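Reviewing the structure listed below.
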Amino acid sequence: MALSREQVAMRVAQELQDGFYVNLGIGIPTLVANYVPEGIEVMLQSENGLLGMGPYPTEDQVDADMINAGKETVTAATGAAIFNSADSFAMIRGGHVDLTVLGAFEVDQQGNIASWMIPKKLIKGMGGAMDLVAGAQNIIVTMTHASKHGDSKLLEACTLPLTGVNCVKKIVTDLAVLEVKDGAFHLLERAPGVSVDEIISKTAGKLIVNGDIPEMQFA
Amino acid sequence: MAGFDKVVTSYAEAMDGLKDGDTIIAGGFGLCGIPEGLINEIKRKQTKELTVVSNNCGVDDFGLGILLHDRQIKKIIASYVGENALFEQQLLDGIIDVELTPQGTLAEKMRAGGAGIPAFYTATGYGTPVAEGKEVKEFDGRPYILEESITGEFAIVKAWKADRYGNLVFRHTAMNFNPMAATAGKITVAEVEEIVEPGELEPSQIHTPGIYVNRVIKGNFEKRIERVTTRK
Amino acid sequence: MAGFDKVVTSYAEAMDGLKDGDTIIAGGFGLCGIPEGLINEIKRKQTKELTVVSNNCGVDDFGLGILLHDRQIKKIIASYVGENALFEQQLLDGIIDVELTPQGTLAEKMRAGGAGIPAFYTATGYGTPVAEGKEVKEFDGRPYILEESITGEFAIVKAWKADRYGNLVFRHTAMNFNPMAATAGKITVAEVEEIVEPGELEPSQIHTPGIYVNRVIKGNFEKRIERVTTRK
Amino acid sequence: MALSREQVAMRVAQELQDGFYVNLGIGIPTLVANYVPEGIEVMLQSENGLLGMGPYPTEDQVDADMINAGKETVTAATGAAIFNSADSFAMIRGGHVDLTVLGAFEVDQQGNIASWMIPKKLIKGMGGAMDLVAGAQNIIVTMTHASKHGDSKLLEACTLPLTGVNCVKKIVTDLAVLEVKDGAFHLLERAPGVSVDEIISKTAGKLIVNGDIPEMQFA
């Protein structure tokens, strides 16, 4: 069965390593913070200028001057640093953030990603997404494998305006975990109960299936 | 002898000299850390044909969004304008022109503008619509695009504390684009929560040295929050 | 679980991994704000063929100058090396190579290196020997030269206070090149006067966020002064 | 008679305006701070990272962490700001410093300046001089009009490696005040008791002498 949003976040959280500085995008990526494995510490970067993002505030703690990149009220974790947006993106562009997790409309087999614009429908702007995909050491994309209409989001070539090129390394969808390399999607894991055939049928781009594909493990 | 006393007492004085067609660089991220009173004054002045450089354009009835009602903005350079229905309508109607710019590139363009760096290379946006018409150059085998700096006739910023010399300190994440914006204006105006005497701010803890600031005004802030999100 | 605890307790550990031929970016201006103990450790290790990037090269018997005695430095990128007789001798003898770089360009090259900006344009040095072999481009009718960023295998910096996460605060003008140097090393080591617990440094007053710092060591500093100048 | 070092500094100080941010180089320029006219406030920038440089410290106040660009111990004036060297040169390069006063070996009629290198004799480095001459709004050069051997330092074209091009606006020597524009030196004032003929004889570059040249006034 396809994973829930929470399960996708749980699976992504397994990619975290102790001491990682991580930037989590809006939506499912934000949920990843709830599933950091035990025994591991990560520090969250918020691109408006906060390293060491804490949990949401209690009602008493709400402060208009303390928000995250999603414009939500947040807190600073112990040992946090706050800086201006140029310094924040210096950090991102300079490759100092270990991992970025973000959503996308489409990803293609070259590791290109489209996530910010649907011509004539959605022109809100790219915010920090282009900087993040150009700068992070490692990028994981979370999204549903296919649209509501069943159209694959894992393509031979993106059809929408791009956010970045040759940058996506890993994809966690509601159906599978895939690696992107050498111009193809490589199937690594499948969601519990989801068949390889279903994944093949919903992947429009070049898909490599090598040997037995294990099911994802959730503790 | 005025010396270095930058304090002004009226908004009219604070925005004196702003004229039709000017470029305004504005600090703030969403509604956080925005110079509310200076924006209101621009609305009051009814200055037109403005180019506004800001990460966002406020919301319909707050922040830079209030300048849309009377069509004061001709062009905006921003990274995200998705919170504003009126903006979208004016964009579709061709009343307003928008230059969408990646957030980090925008911050760096402002910094470069203030720092006398006319252009810099970045990988951000390479291979995307942002790269159209821009020079590409490879360094160490990776392609980068050339981005030019931004300056404006005015910069408007919001700070927490200022001293009379214009030294500024920002509070928490209300810092955001304000320090870079402050460097990029020919005339930079800071609207602040508190004015203190010179010497009260620790020199090495000043975020924006007074050399960048021409006018300081004490403001009253509503500090509206876009998304109040809490835990139990 | 190491988490984000960057504190090491020996200089050997602090400079572990440094090898012949590496590039070291060093903070400090003259003898002010230099990582004295880390420099001593590099001398002890006798690492050779180093490229050193630093505004100055110390004096004969203090600071980076002590690395000259055993010919550990192959090349230095600096803005001013006039305080060091041994240096001048090695330069004349062709033992050491020097790339003189304007001070502001040097600071910006380090910052760019840390910030993922491979190159930027500046008017500094146009029409001078510094411009030789560099691309020239006009912006608004003024010529600028293209300067490339600098990074190194190691960065060594001196801070006043650090917390265990590597957040750094510098004291007075001992800040100088240290914050930029800290961003430009693959491995950045901070030698500090005092280590405090996370949470003791005010977040918005941290000069260098811990993300840039890999190792922190508490040092003992002589803090030699080059020119004690006093009034009555 | 030729001016003393102090008199040159006094004359330069007359160029200061209330509210000016000023960078003073090593040597005679440093002395200018002693002669700021009454009723005027200026703020001194030291390029290692200090805006609002105060006087030298008393012996008790000496602090190794508090130095100026000449590596001398200094104090911070009330209302000073301290910042890193990249920010300091952003300030300089970005044209925010109103006036830079510095010494030179040679200046030429195009406003070019040579101040940092004498091939095979002096190769110490340019420090911040190239950034300062490229960035300041206004540059005043102080130097002796001619060398000890009587060779003019105001040339048709500099012979030494340049520090910057087309940047010097005004020159205050021990003999004269001159403006540099339109490819020539324009004589504005002469030192008390110094004849126009002497200045002409010691100026190798193109010199424009227009009408009566007044003597410098010292209060």
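By letter and in written order, the chains are A, B, C and D; residue numbering begins at 1 in each of them.
The working rule: a residue touches a chain if its C-beta (ideal position, glycine included) is under 8 Å from a C-beta of that chain, and two chains touch if they have at least 3 such contacts.
Each chain and its UniProt protein: A, D = CoA transferase subunit B; B, C = CoA transferase subunit A.
Keep in mind the model is a prediction, meaning the values are calculated, not measured.
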Tell me, which chains sit next to both chain C (CoA transferase subunit A) and chain D (CoA transferase subunit B)? B
Once you count every C-beta pair in contact for both, which comes out on top, A-C or A-B? A-B
Looking at CA centres, what chain is most distant from chain D (CoA transferase subunit B)? A
For chain A (CoA transferase subunit B) and chain C (CoA transferase subunit A), what's the span in angstrom between their mean Cα positions? 35
Distance between chain centroids, defined by C-alpha means - chain A (CoA transferase subunit B), chain D (CoA transferase subunit B) (Å): 55
On a C-alpha centroid basis, what's the spacing between chain A (CoA transferase subunit B) and chain B (CoA transferase subunit A), in Å? 29
Would you mind pulling out the distance in Å between where the CA atoms of chain B (CoA transferase subunit A) average out and where those of chain C (CoA transferase subunit A) do? 32
Which residues of chain B (CoA transferase subunit A) are in contact with two or more other chains? 108, 111, 115-117, 122-123, 170-172, 175, 203-204, 207
Of all the residues in chain D (CoA transferase subunit B), which ones touch at least 2 other chains? 50, 76, 82-83, 89-90, 92-93, 134-135
Among line, ring, star, complete and other, the chain contact graph is other
Could you list each pair of chains that touch one another? A-B, A-C, B-C, B-D, C-D
Residue ranges of chain A (CoA transferase subunit B) in contact with chain B (CoA transferase subunit A) within the complex: 46-50, 55-59, 61-68, 70-74, 76, 82-86, 88-90, 92-93, 112, 117, 123-131, 134-135, 161-166
Per the contact definition, I'd like the list of chain B (CoA transferase subunit A) residues that touch chain D (CoA transferase subunit B) in the complex. 1-4, 111, 113-117, 163-165, 167, 183, 198-199, 203-204, 206, 209-212
For the complex, give me every residue of chain C (CoA transferase subunit A) touching chain B (CoA transferase subunit A). 108, 112, 115-123, 137, 139-140, 142, 144, 148, 170-172, 175, 203-205, 207
Looking at the complex, which residues from chain A (CoA transferase subunit B) come into contact with chain C (CoA transferase subunit A)? 18-19, 21, 39-41, 43, 45, 50-52, 76, 78-83, 87, 89-97, 134-135
Under the touch definition given earlier, write down the residues of chain B (CoA transferase subunit A) that touch chain A (CoA transferase subunit B) in their complex. 29-33, 55, 78-82, 88, 91, 100, 102-105, 107-108, 110-111, 122-130, 160, 170-180, 207, 223-232
